[in-house]
Amino acid sequence: MPPPRRLLAHAYWILTAVLSAATIVMLLTYTPVEATMGPVQKIFYLHLPVAINTFVAALVVFIASIGYLWQRKMWWDDLAAAAGKVTVLFCAIVLLTGMVWGRSAWGAWWTWSPRLTFSLILFLLYVVYMMIRPSIEAPQRRAAISAVYGIAAFLDVPLVYLSVKMMPDIHPSSIALAPEMKLTLAAWFVPVTLTMAGLIATRFRLNRRLRAFEQHQAMTTETPAAANYMGETA
Amino acid sequence: MMAAFRQIVLMTGKDLRIEARGRQTISLVVVLGVLIIVVLGMGLGAGRPVTGFGATAILWVAYLFGGVLCFEKTMAVERNDDALAGLLLAPVDRGAIYAAKLLTNVILMFALAVVVTPVAILLFRFDLSAHPLGFALIMALGMIGFAAVGTLFAAAVSSTRLQGGLLAMLVFPLSLPVVIVSTQMMRRLFQEGEPLGGTGLATLLAFDVIFLVLSWIVFELVLEP
Amino acid sequence: MSRTAVQPIGSAVLESTPVVQVLSLGKVIDDRPILQDLSFEIARGRYVALLGANGAGKSTLLKVLATLIPPTHGQLLLFGRPLSRETTAFRSRLGMIGHGAMLYRDLSALENLVFFGRLYRVADPTARARELLEYVDLARRADDPVKTFSRGMVQRVSIARALMHEPDLLLADEPFAGLDAPSRRMLEQMLQRLHEEGKTIILANHDIEQSLALAEQALVLRAGRLIINGMTAGLDPDAVLAEVSGS
């Protein structure tokens, strides 16, 4: 990476780290402790921004998938792969924080409440997305199938939401937020969103470098001609 | 339009004729389905009657696994001897090829359901008498949506070398809404006596429409590199 | 795909329109250029041999010409018109024999032919199918499932399948592979007869001598590039072999 860009990246992450630290301090000192649940409730301020950002990352996968199928340029695939990784990571955090919350609020690590079930299914959807790539060798095939799944998975999300809402919800949770809480929540969105975007960008750049290396390999080594989709050599 | 419809019927007819010759796919799928029901029945149901809700979930497990096997096999027919190339060479809309495969899969899934459901009812003493048509409608809509997704991805992965398990992995999570909605609707219908609700049916229909349209559009793109 | 415009040559006079026109055609698969900058024309009624070593790009080129896979760069005109929405209509005018038979093994020869005939909307497909089975000398086995046939017989049914809709352009990808001598003879004669009937034939083949003997024109590929395009009468098999292997 050329020096100016590296400087920019460093500055970005330093800013994110500082904001994260600031919001954590804010959480510990400024934000009031919620009456019914106690200190554990504070995990909510991480949970909700991460949840929203999971959707944003999934949306990036969706858009990149469409982009690939439309233009057939490999960088769309690299972007989709990067966003997919971040989606899975963030979704795992949503799931875990949700479970911690649930344990504290209802005494059980797992309940089949709509929200937890939704997080679980979303997590599974995108874990599968990440599993596709290692299963297919041919780059164009891999990109095409991943793209189709990436589109299907995103379209599935509202359907999953509607379906889990039909499940019995024994533990509805709605918490009235005091103004300080709302402010904390808004503040937390900043470092979380920056992290999400930064992770996608970093992973994307890495994918591009990996692919450039693979392409160089393909061009310079004596290998038999690529098998086309009918499994025969040219 | 009519021409495309005729071609779809022609291609589905061809698939069903091949199936009728060997009866390979349908027998494998049905036996697998029944085995699953029996295994689950021994584990869950032995002795006490399982609720309608539970029976639906068990049926879905049988349909899911049987279905994936079915989709793999109907697509495999085209992979032998480059038969698919023969179809692609012809003046046939790629969407029509998808529709024909989907129709074949739906018919085979219905055949599976016709055999496996009575077995489940028998083993689990599930009482459908209250709303047999409601049950049939919910399951039919669900199976169509499941087949829509399954047909698309079966075509996508059938040309890759690593098949086994990949198709199931792709299709199961995407199909979860169908499983959840249909089991929940059954619960409301049979246990709580609520009439067939709007949301559930709407969700099932939305699932079917969304994935049918997506598959129709995208099918061509998964058939070529 | 680049949008360089190419005027279809002689489009007013159908008879003289080349069946195939290719300009700067390229195909990249998985970052590897399989076909590079191909430009050639094939006149109506020509019998063309497509030669080259394994991996030279013969199969890929045939598949592009058959509209099975789209080119990455360049332009392809079939029967004087570029590929577009009309691709489906083009397909009625071309037929292909490939590595795979493109048949359903569990169905009989007759059922296979009638199926494809109906797909191509051939009038009275059953009669045409029987006629073709006669032509390939398989009339007595019409109702037997294809899986009971020998390789040579399967190939003959495959040819019949390709001819059901009377295509103007026939593409053949190594049709002689795995055939015994009598079947090979029969196929050579069939192709010759089609050529005499005015069909355009593009035959991808390994056997250089055989190809130069059968065809009028030869296109030689090496590493995806066209290195020879000339009439076979003026070509020496040994020279062609040298070019093919790149020595």
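Just so it is clear, A, B and C label the chains in written order, and each chain counts residues from 1 on its own.
By our rule, a residue touches a chain if its C-beta (ideal position, glycine included) is under 8 Å from a C-beta of that chain, and two chains touch if they have at least 3 such contacts.
Quick caveat: nothing in here was measured; it's all calculated off a predicted structure.
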Taking CA centroids for every chain, report which one is farthest away from chain B. C
Contact counts by the stated rule: is the higher one at A-B or A-C? A-B
Need the central chain here, defined by C-alpha centroid distance to the all-chain C-alpha centroid. B
What's the distance between the Cα centroids of chain B and chain C, rounded to whole Å? 38
Here the gap between chain A and chain B, centre to centre from mean Cα coordinates and rounded to Å, is 30
Centre distance in Å when chain A and chain C are each reduced to the mean of their C-alpha atoms: 49
If a residue has to touch 2 or more other chains to count, which residues of chain B qualify? 82, 85, 224-225
Using the touch definition from the top, which residues of chain C touch two or more other chains? 29-30, 69, 99-100
Two or more other chains are touched by the chain A residues 138, 140, 228-230
Can you check the complex and tell me which residues of chain C touch chain B? 29-30, 66-70, 88-92, 94-96, 98-107, 111, 115-116, 118-121, 145, 161
What does chain A use to touch chain C in their complex? 74, 138-140, 214-215, 218-219, 224-226, 228-230, 232-234
Quick check on the complex: what are the chain B residues that touch chain C? 3, 7, 10-11, 14, 17-18, 21-22, 77, 80-83, 85-93, 224-225
Can you name the residues of chain C that touch chain A in the complex? 29-32, 34, 54-60, 63, 69, 99-100, 224
Which stretch or stretches of chain B touch chain A in the complex? 82, 85, 149, 152-153, 156-157, 159-162, 166, 169-170, 173-174, 176-178, 180-181, 184-185, 199-200, 203, 206-207, 210-211, 214, 218, 221-225
